[in-house]
Amino acid sequence: MVDLSVDLGFLKLRNPVLAASGTFGYGLEFEPFMDLNSIGGFVVKGLYFGPREGNPPPRLVETAGGLINAIGLQGVGVEQFAEEILPRLRKYQTAIFVNVCGASDEEYIRAIEYLNRYEGIAAYELNISCPNVEKNGACPALNSGHTFSLVKLAKQASRLPIIAKLSPNVTDIVEIAKAAEEGGADGISLINTILAMAVDIETQRPKLTNIFGGLSGPAIKPIALRMVYQVVSAVKIPVIGMGGIMTGSDALEFLIVGAKAVEVGTANFIDPAATLRIVGEIEDFCRRNDVKKIAGLVGTLKV
Amino acid sequence: MVDLSVDLGFLKLRNPVLAASGTFGYGLEFEPFMDLNSIGGFVVKGLYFGPREGNPPPRLVETAGGLINAIGLQGVGVEQFAEEILPRLRKYQTAIFVNVCGASDEEYIRAIEYLNRYEGIAAYELNISCPNVEKNGACPALNSGHTFSLVKLAKQASRLPIIAKLSPNVTDIVEIAKAAEEGGADGISLINTILAMAVDIETQRPKLTNIFGGLSGPAIKPIALRMVYQVVSAVKIPVIGMGGIMTGSDALEFLIVGAKAVEVGTANFIDPAATLRIVGEIEDFCRRNDVKKIAGLVGTLKV
Amino acid sequence: MTKDPAARIVLKQEWGNYFLFGVESPALAGEAKPGQFLMVRVSDHIDPLLRRPLSIHARERNTLEIFFKIAGRGTALLARKKEEDRLDILGPLGAGFRLDAGLKGKAVFVVGGGRGIAPLYFLARELRTAGARVKVLYGGKSLPDLPLKQKFEKAGLDVACSTDDGSSGFHGLVTGLLQNETNKQNPAALFVCGPDPMMKKTAEIAAREKIPAQFSLESMMGCGFGACWGCVKRIRKGDDGAWRKICEDGPVFSGDEIVWEEEG
Amino acid sequence: MTKDPAARIVLKQEWGNYFLFGVESPALAGEAKPGQFLMVRVSDHIDPLLRRPLSIHARERNTLEIFFKIAGRGTALLARKKEEDRLDILGPLGAGFRLDAGLKGKAVFVVGGGRGIAPLYFLARELRTAGARVKVLYGGKSLPDLPLKQKFEKAGLDVACSTDDGSSGFHGLVTGLLQNETNKQNPAALFVCGPDPMMKKTAEIAAREKIPAQFSLESMMGCGFGACWGCVKRIRKGDDGAWRKICEDGPVFSGDEIVWEEEG
C-alpha cells in the first residue's frame, strides 16, 4: 500500500490531487463520472459576494496545446452557493475549497465573512489572480503591496486557512509569493492562467469578445513548473502547484520540485475523471519505484 | 501581384518575414534548403564580443507544442563573425540583422563599436532578453530602468538602427517597451523565450543541465500575440512580432494586431524552409482576400 | 451521462466532406434522446486538446450514429478513423428536443440546413413514433450537400429539399422552402438546426406565423457537461436573458427563449 | 542535404518494438553515406513538434532504409505508418563514418548494441566493398533484441551475437564479446554504435588495445543540420574540448576526440 496522504500543515489531504477552480464547476457536475471522495479535494468555481454575469461569448479559444478562456467568473455568488450547493457537498469526505473573488478588497472580505458562517469548507483559495475581469488583465497578484495587504485583510476576516492563488503574469513570482506569506497566507497556489489572445485572420477580430483571456493547459506546464520551483525555495508555507497537468507524470514533476499538492484544471474538461486517473497514475509510479509515501517524494529534485 | 514590402521607417523589407535569432544559425546553414533572398531578412545568432562556450547539454527539451532551450548563446563572437561569416552573407540582397549580446553594458557597446566598422548589417537587434545566461533568467529587459539606459548607450554607440528585443517575463511589457522607445530604440522586437523548466520524474533531475531554459514554439503564440498587441498601441516605433509562428496564418495574426514584420523561430528547425513557405502563405492569403499591399493589413484589428 | 473510452466504429459512410459513423456503445445508446449530443475525442494526445461536440444522429439498441462535415482539423482527424477503430466518447449530453405529447396526429416540420441535419433524423423518427405527421425540410448549398436525402426517404419520411444553386429541389434557401410550406399549411411545431442566419430567419417566420419552434444551437464548447461555462448564449427564462450554458440547458431552446441579437 | 516532403514507404517490417522501413527517395538516397542520418517528421502538426533523428540503415539506388526501436511517442507514431504512406524527411545529415583507404584487406570490427545496430548495416557493406574483412558484433538484451542478425548473415557478413541473458550467442554484454574477439585478434579499426555506457566501455577497450575506433553518438537534436546548437557534446579537436555540434561535426567521432566524462 502506498501512502498517498499529504499534510498541508493546516489540513491533511487523502492524496495530493485537487481539482482546480473554474474547471470543476461546483463539484456536482462531476458526480456522473467519478467518486468525489477519491481525490484529495476540489476548489469550487470562483465566487464573488453576489452573482456575476461573466463575459459575453465567445469565451473560449483552443490553441496549440492550450485553451484560452475569458469566462469572467460567471457564477452564483456566495449566498446561493452556501444555501443551495454547499449542503449537497457536505456528504463528501473530501476537502472543499472555495475560490473567493472580489471586485474590491471589501468584496473579498464580505464574501469571506459570509462564508465563515457555514460548515463544510476546508479553506479559502483567495483568487487574486484572475486575468479576465479587469481591463488588460489587472489583478491584485500583479503587485506585491496589494497582495500583502489583501491577504492580510482576508486572513484577519477569515476563520479558515487562506491559500493565496498567484498570477504568472509577473516579473518576479518570488516577490509576490513572499508578500502573500508575509500577509499571513497559510498556503500558496499557482499558477492562474497566463494573459493571452488570438485573432481570427478572416474577420480580423479577436477570437474572444473580451479580447484577452487566460491561457491554460499543457502548453503552459513548463512555465508553471518553473514558477512553482522558484516559489517553493523562497517560502515556508506549503505550495500547491498547477498548470497544464494532464497525467500522473505531470503531477509528479510538480511534487518533485516541491509542491505539496497539485491542482488539475483544463484536463477535467477533456477527461471528466482526470483527477481520479491521475491519482491512480501517481500510485502506479510509486509502486513501480518503491515509493512508500508520496510525501517523501515532495521536493526531492536533485540539482 | 501582391505588394509584400513593408517599411520599418529605418529600413524597407522585401516582405515582412524574418528569421529569428538563434534559430537560423548564421544564415549559411539554410542555403541548402532555400534562397535567402526570398525572405525579408534574418537575424543571426546572438553574438557577444568574444566567443562563448554556451551551457552544458542537455540543452533542449520538447514540451507540449513547445521547445525549451538553454543553449546559453554559444557562438563565435563578433570578430570571427565579421571576418569569416559576414563576407559570405554580403552577396545576399536580404536584410541582415545582428543580435547583439553582452555580459555587461560595456560588452554590448564593445560589440556594437566593433561591428560598426563592417558593411552589410542592416541593424542591430539588441538582445537584452535572453533568459539562459544569468541565474534565474535575469536580463536587462526585466527592468525598465536598465532597458532605458542600455538602449540609450547602444544607440549612442551605434551607427546603425537599434531594435530592442524584449522579454515576455515581465509584469508590464508596455512599461519596458516605452523605456526602450525613450532610450532611443528605432524598433522593438518581441517576444524572446519564456522562462521555463521540465523535470525527469525517473531521475528526479531537471531535464536541462541549466535547470531553466526558454520556452518557444506554438505553445507560446497566444502570449506573444497579446504582448505584441499591448505594445503596438503604446509606442510609435515599429514593432516586430514573434513567438510560435509556424504558418502564414500565424504571421498574419501578428500583422493584424499591428506588428510591421514578424520573426520566425522554432519553425525553422522543423521545416528549414519555413520562412519561405510562410511568405508564400501570406501571399496566398492576400490574393484570396484581394489585399493588394500587405502593409495595408498591419494593425487592422477590429475591436 | 457516461464516458465510453472505447466505442467501436461499426459503420463508416462518406460523401465528399460528409461522414457518417455508426458506433457500438450500449451505455451511450441506452440513454440517448433526440437533440442530445456527444463529446468525441478526436486525438489521443494534446492536438487538438478538446473534444468535439457532435449530435446524436440516430440510435439503435446498442449503437449510435454521428453525422458530420469536416470543418477544421478536429473533424478532419475524426474523418480518418476507420471501421473497428475505437472512439472515446462522453454522452449523451444536453437536454435535447422537447417532444410534446400534444403533437400526436399533428403536422410538424423538421428543418435542417447543411450539417444541421445531423440531429434531425433521430428526432424525425421519434416524432413519428410519437404520432406526429412529420415533414422534413432539408437545405444545402448544392446537391452534394444533401447526402442524407435518401436515408430519410428510405426511413419513409416525407422530405422536401432546397439548394441554393437549384441543383436539387426548391431553388433557394431552406427558409424560402419553409415559407412556401407554411403558406400552404401551418405546422403545429418547428424543429430546427442549421447555421445561425438560417435559424434566425426561421425564428422570424415562426414568430410571425405563431408556430412554436425549437432550435438546436451551436457554440464553442470546452467540456460539454456544464463545467466550464464556455458555451453560453443569452437565453430568456422568464427574465431578460442571462448567459446560459448551451451544453446543459440546451443545446435546444425555444424561439422565444433565444436572444438572437446577441449572437456572434 | 535536401528535404523530401513525400518519401514513399515501400517496405515495412516489424519485430516486436523494432521496425524497418524502406523509403523511396532518389534525392536522399543518391547522396547517402554510412553513419549519416535523417530527420524524420513523425506528425503532420505540432505533436510532437520536432523531427526525430534516425540513422541511414541501408541504401539502394532510389531507396533508403531506416531501422528503429520504439523509444517514446515519436517513434511510436512513426511505427504506425504503413506502406504507401509518405514521410517528410531531411537528409542526409552529418559527416558519417570515415572510411579509410588503408583498411583494404584489413580486419575491422563493427560493434552494435540494441538499436545502435541501425547505421552499421550500411557501414558494414560499404566497408566490405572497400575491401575490409568485416566482423559484426551485435549485442542485445535478449534474442528478440537481435532482429537483424539474419539480415546481416544473408548479406554474407560475419556476425557474432551476444545477449545479456544468454538466449543467443555470447552470454554477456557485447563489450565482453568484443574483449574476447580482440583477445584472439586485434582489428585494424572499430566502428561502434550503441548506448552510452556500452560505447564508453568500448572506448576503454579500444584505447587499451590501441585500436582506432569511431563512435556514432546520440544526443537530443532540435534541427539536425547545425542551426540550433542543441545537440552538442564535448569534443576535442586538437584542443581541450569544446561543445561541438553532433549533427554537423558528427554524429561519428573517433574515440580520442570524445570526452566521455562530460556525458549526460
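Think of it as A, B, C and D in the order they're written, each chain with its own count starting at 1.
Everything that follows uses one rule, which is that a residue touches a chain if its C-beta (ideal position, glycine included) is under 8 Å from a C-beta of that chain, and two chains touch if they have at least 3 such contacts.
Here the structure is a predicted model, which is why all the values come from computation and not from measurement.
K.L.:
From chain B, what is the lowest number of touch steps before chain C is reached?
P.N.:
Steps on the shortest route: 1.
K.L.:
Could you find the chain whose CA centre sits the greatest distance from that of chain A?
P.N.:
Following the centroid criterion, the farthest chain would be D.
K.L.:
A-D or B-D: which has the larger count of contacting C-beta pairs?
P.N.:
B-D
K.L.:
Rounded to a whole Å, what is the gap between the Cα centroids of chain A and chain D?
P.N.:
So the centroids are 47 Å from each other.
K.L.:
Taking the mean of the C-alpha atoms as each chain's centre, how many Å separate chain A from chain C?
P.N.:
36
K.L.:
Could you work out how far the Cα centre of chain C sits from that of chain D, in whole Å?
P.N.:
55
K.L.:
Would you pick out the residues of chain B that each touch at least 2 other chains?
P.N.:
Within chain B, residues 61, 64-66, 217-218 contact more than one other chain.
K.L.:
Which residue numbers or ranges of chain C touch two or more of the other chains?
P.N.:
Within chain C, the residues that touch at least two other chains are 46-47.
K.L.:
If each chain is a node and each touching pair an edge, is that a line, ring, star, complete or other?
P.N.:
complete
K.L.:
Along chain D, where are the residues that touch chain A in the complex?
P.N.:
46-47
K.L.:
Give every residue of chain A touching chain B within the complex, in rising order.
P.N.:
It comes out as residues 61, 63-66, 68, 136, 142, 169-171, 194-199, 201-206, 211-212, 215, 217-223, 225-226, 229-230, 244, 249, 252-253, 256-257, 285, 289, 300-303.
K.L.:
List the residues on chain B that touch chain C in their complex, please.
P.N.:
Touch residues, chain B against chain C: 64-65.
K.L.:
So in the complex, the part of chain D that touches chain B is made up of which residues?
P.N.:
1-3, 41, 46-51, 90, 219-223, 225-233, 242-243, 262, 264
K.L.:
Flag every residue of chain B that touches chain D in the complex, lowest number first.
P.N.:
Result: residues 22-25, 29-30, 32-33, 45, 53-54, 56-62, 64-67, 69, 71, 74-75, 217-218, 246, 266, 268-273 of chain B touch chain D.
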